[in-house]
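The structures come next, written out as structure tokens.
Look for subunit A in each of the two complexes below; its partner is subunit B in the first and subunit C in the second.
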Partner chain A sequence: MNSLLPLIKNETLKMMKKKRFYVVLLVLLILVPIFVYAQMKIAETNREKFNSDWRLAIRQAITDNQNSLQSARVPEEWKKYRIIYIQQMKYYLEHDVNPQEPGGVSFTREFMDNAATLFIPLLIMAVASDIVSSERSTGTIKMLLTRPVRRWKVLFSKLIALLMFVSLIVLSAFVISYLISGLVFGYKGFSIPVFSGFQLNGSDVDLSAVHAVPQWLYLLMQLGLIWFVSITVAILAFMVSVLVRSTAASIVIMMASLIAGTILTNMASAWTSAKYLFMVNLDLTNYLSGSPAPIEGMTLGFSLIILAIWAAVALFISFTVFTKQDILN
Partner chain B sequence: MRASSWTWRLVSWVSVVATLVFVAGFIYAIKDVLYPSASSKWSSGPAGGISSVTPQTNDKEIQIVALGDSLAKGTGDDTGEGFVRRTVNVLQKEQKAPVKLVNNLGVNGMTTSGLLPSLNEQGIQYALKGANVILLSIGGNDLFQGAQNIQSSKGLPTAAELEASVKKASMKLRQIVVKLHEINPNAQLVYVGLYNPFTDVVDMRIPGNDAVTSWNTKATAIMNQYSQSKVVPTFDLFVENSSKYLSDDHFHPNGAGYEQIAQRIAQGLK
Partner chain C sequence: MSMQAVARENRELILSVEHLKKKIGKKWIVNDVNFDVRAGEIFGFLGPNGAGKTTTIRMLVDLIKPTEGKVSICGFNVNRDPERALAFVGSIVENPEVYTYMTGWENLQHFARMQPGVDDKRIQEVVEIVRLDQRIHDKVKNFSLGMRQRLGIAQALLGRPRLLILDEPTNGLDPKGIKELRAFIRTLADEGMAVFVSSHLLSEIQLLCDRVGIISQGKVLAVGGVEELISGKVPYVIWQLFPKTQGIKLLHEEGIQLVEHAHEVLDDTLIAGLREDSVVTQMDSERIPLLITKLVSQGIQIKDVHTINPTLEQLFLDMTEGESIE
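Let's look at the complex of A and B:
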């Protein structure tokens, strides 16, 4: 442990020096205001249309979705989402709780929900992809390995530094989104109830497990799940970075698999074994909000186990390869 | 060197604390999804639910809510406006007071027996309470359900079947109108009468006309029991002009047909 801490410190400082983390912050600072502006526009049109009464707007949304259920051109798997959406909205309406209560907290919840599968993983790749490969392409890896430290410790310190930055990135996404959206929508809304626990049984929605959660707790759970997803993505990017010599190649590999994930979830309902791929299981926050899983038979437990297995295998491969491999040229 | 140790301290502390918080959230999330606690269940809502809230009404504005089937929704109109949006447009030109379409709750394929239970839904009641004009279109699917995609005379309802549907559905219509008045006694209720979409099908011209006429008579009798309630006839529009006013599906009106219906509704509103 005594020899590890200075190594971790060293790696952390190297990460800060590379300024990747500042790039991540900059991306957030530029993109979040754009989303806030879009959300503001939506809120404005709704106010004009429905006499600023959210209940009427929700009721209209229910009817619109009912109509699309009638259409034969809408694929069956999309209808599942609509059915559950209709039931959720009816539930919110009956309990007189605005599911889209304007406010910085609600915006943040929505934003984190949408960012969980692609946006945050991309930010994480910005710091993770070159963590080992850059040492190799610049040749500094030889300096690192000639020091009297065991190889696994070198790699382990890099991993810990990476995991620290994963937490920092998830935290910054939350903080920046809350601070910026709060400027427009206000900083209130932590105690608004959010309903969780909708389940789909065939074509019926099971409401027996539905319960209200204050929004701060919902956000906390959401952040926890996003953190887990981010850790998995970071570990996989870490492995790719060990295996691939070039940083560009390692970024492309990770990006391709993440994007493949979003494409697959949209069309994988026919190919059920796709559920064993990690990128299909990234949308953990869905289980919280009650949106149906992309593939039959996926549950939170299932997704967590799949992600954990992928992460464990990736760690095993990274450490075996890194400790055994010859460093040439 | 001092700057770097300061950075290290900050980064390590913030990330460790954040990680602990995330882990706590993660564990709680697993617990909440896998074993949702019944104790935190919210059966009645924060303040008794939406039924305890009254929508804001505004007498200076004409606030329209449309209810019913695909005609209310505007199916068949290439512009998507339907008679509802077109009525609003006409009224906006004619009336001094601002006219607003609050909700269009028309759902494709809606029948009287589907509409009646949905009136118990609190969200729909809430929308209706805020309206001062309610446009209702229902019954077409009760009479001609299944026939709308059939071009040949096979599978079309017989005169006896039509008569039975008229009888059954008109009872439901009465219950719907009673319910609507219960929910909002002050609004003007406009019922859009039925037309026979099959006047050009030889076997359906007379039985269809008879059934629709009988239906419209019954509907008028129901509406006459209330003040501020009326039936707007559409039957005569389509009898000779079905090719002019019907859309390609031979069932729903087209844009021109909806425009005619809208004109009539607007003429009858005070």
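Let's look at the complex of A and C:
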């Protein structure tokens, strides 16, 4: 009877009026300059140390890592990462491409790589975790559900509004980090090639699939993957918000599982079934840059499917619970 | 069947509750509740704390799904066809919860978008009806409880409902506000709206409602017109006699029933007005003139005598056997 559009408009307006989105933007506007400053300091020391010759810096990094491979104190799992790193750096040297060439685009790529698993999900929590629970804790849910609108429509409009804001947050993170870092490093660097497709085969690095990708394309792929991760995280937070009445509890639950994910990624190489948990599959951009998967058997396709399954189950639970539940308080 | 009852039968049936039951855990919170409300009628719903009042109201508006039985509004099953049934309903369940970070106007727009056929003109109309036009563009967090209550009513009226459900509507209103609200609800009913009001203030229900339902322990104890329900009750008569002991003796000889524990059955305001020499009796007021003659002939002075007509509170206290009302 009622079309969904006015409902989505309602949810969007509420989201704007709650000013959470502005808080997210503010956090980005404050934190990104700090990271930019740190990056600037690193670039400065490198320039002093190696006389502004990036080849020297790369060679030094390769030697350092090779030395550490000999050390018995370095765990075997870590050596895997270093082998790949050494191979990548050698590849860059051979092709005469500076992988650390400073620039707004490179900074954005690097920053988003690091932000994908924890920082961006945290920003998403700000809008997702109270989207349903706040209606319950303030009692407005009673007003919402006594209108002549089916419950699934109410929930669906919230979901759509959430997905729009999540997309906006991901996009803003990219844009803000590019614009701010560009002030310092310049806005160039879209066409710099980035090598992708390194694969680990036993202890060797398989270079057969390596190909150069212009940085703009790389950034675009990164954006897509981070968006996908963010949507999954948002949908899970959405479910928790339906199930838990307290907003604080819903934030804690989500943050705990995300942090557990980063801890598990560092430990779980022995426990292979951990790869079915959503939180160890969040680092999708890893597959682009060619770092080895945290757990044997994980590929980009595998992670995408796992995340999609988790999201689908979360949606199913959210809608089933929300449409059946008695509003008792 | 009385004339009134016949007239009632001719009015349109708006809300009908049949064999409504709700089990939460192992307990039947609501156990076989039946009543109906017709157009132009104000129905009062009374019950002590924990009697199943809130659960029943929530089942009327599809916030809680009944375990058994059904609620129909204008012929549509609320549980199976909420989109159609709830289109006829405006409601405030418990407190009028609105979004405090939005203005009054934005809140009304928000709820207007959730039902068809409500435009800005209609919003302006209801704002004027509840007389909030001065402050409607202020943030709700700066509203007083009374203003929020009025905003809640404005929200409930938006969709031109056939049935208005008000849960404890006088909470947070001052005596003047309560009087106004009462007059306002009466106007709505006179225009043909069916109004369902729950309250723990019995005098308020008695003043406001045409019919009442009394619920206790999940069951409806009585449903009927206020007059009809209390007409069977014997009124109280309060005497002030001197000398008191002689007076009591005479009343006793005449077979008049003296009320020993007056404070348990009378309204608080009446108890406050009782004096040391007051004698509370329960009797037919027809007998007063004859008793006066007898008292006078025996030289007993009568300082005061007055009749307390039976109230809903009396009926309620009798029926629920002194359970606390809330």
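Points worth noting:
Keep in mind that, in the parts below, the second predicted complex is superposed on the first by the 327 of 329 C-alpha atoms of A that agree within 3 Å, B and C clash if a C-alpha of one lies under 4 Å from a C-alpha of the other, contacts with A are read in each partner's own complex, and residues count from 1 in each chain.
Here is the rule we use: a residue touches a chain if its C-beta (ideal position, glycine included) is under 8 Å from a C-beta of that chain, and two chains touch if they have at least 3 such contacts.
If you're wondering where the values come from, they're calculated on a predicted model, not measured in any experiment.
Look at A:9: by the touch rule set out above, it reaches both subunit B and subunit C.
After overlaying the two complexes on the shared chain, residue contacts for A:246 are found with neither subunit B nor subunit C.
By the touch criterion defined above, A:149 reaches subunit C but does not reach subunit B. In the superposition on chain A, A:196 makes contact with subunit B only, while subunit C stays out of contact range. By the document's definition of touching, of the two partners only subunit B reaches A:53; subunit C does not.
Once the two complexes are overlaid on the shared chain, A:114 sits clear of subunit B and of subunit C alike. By the touch criterion defined above, A:323 lies against neither subunit B nor subunit C after alignment on the C-alpha atoms of chain A. Note on subunit A: of its two partners subunit C and subunit B, the one contacting more of its residues is B. When both complexes are overlaid on chain A, the residue A:139 reaches subunit C alone and has no touch with subunit B. In the superposition on chain A, the residues of subunit A touched by subunit B in one structure and by subunit C in the other are 9, 13.
Partner subunit B is touched in their complex by these residues of subunit A: 9, 12-13, 16, 50-51, 53, 55-56, 58-60, 62-63, 66-67, 70-71, 90, 93-97, 163-165, 167-168, 170-171, 193, 195-197, 209-213, 217, 220-225, 227-228, 287-288, 300-301, 304. By the touch rule above, subunit C contacts subunit A in their complex via residues 24, 58, 61-65, 82-87, 89, 91, 93-95, 97-102, 106, 110-111, 113-116, 155, 159.
The residues of subunit A lying in touch with subunit C in their complex are 1-2, 6-7, 9-10, 13-14, 17-19, 138-140, 142-151, 324, 326-328. Those residues of subunit B lying in contact with subunit A across their complex are 4, 7-8, 11-12, 14-16, 18-19, 21-30, 32-34, 36-38, 40-42, 44-50, 52-53, 55-56, 58, 63, 73, 100, 102-109, 121-124, 126-127, 130.
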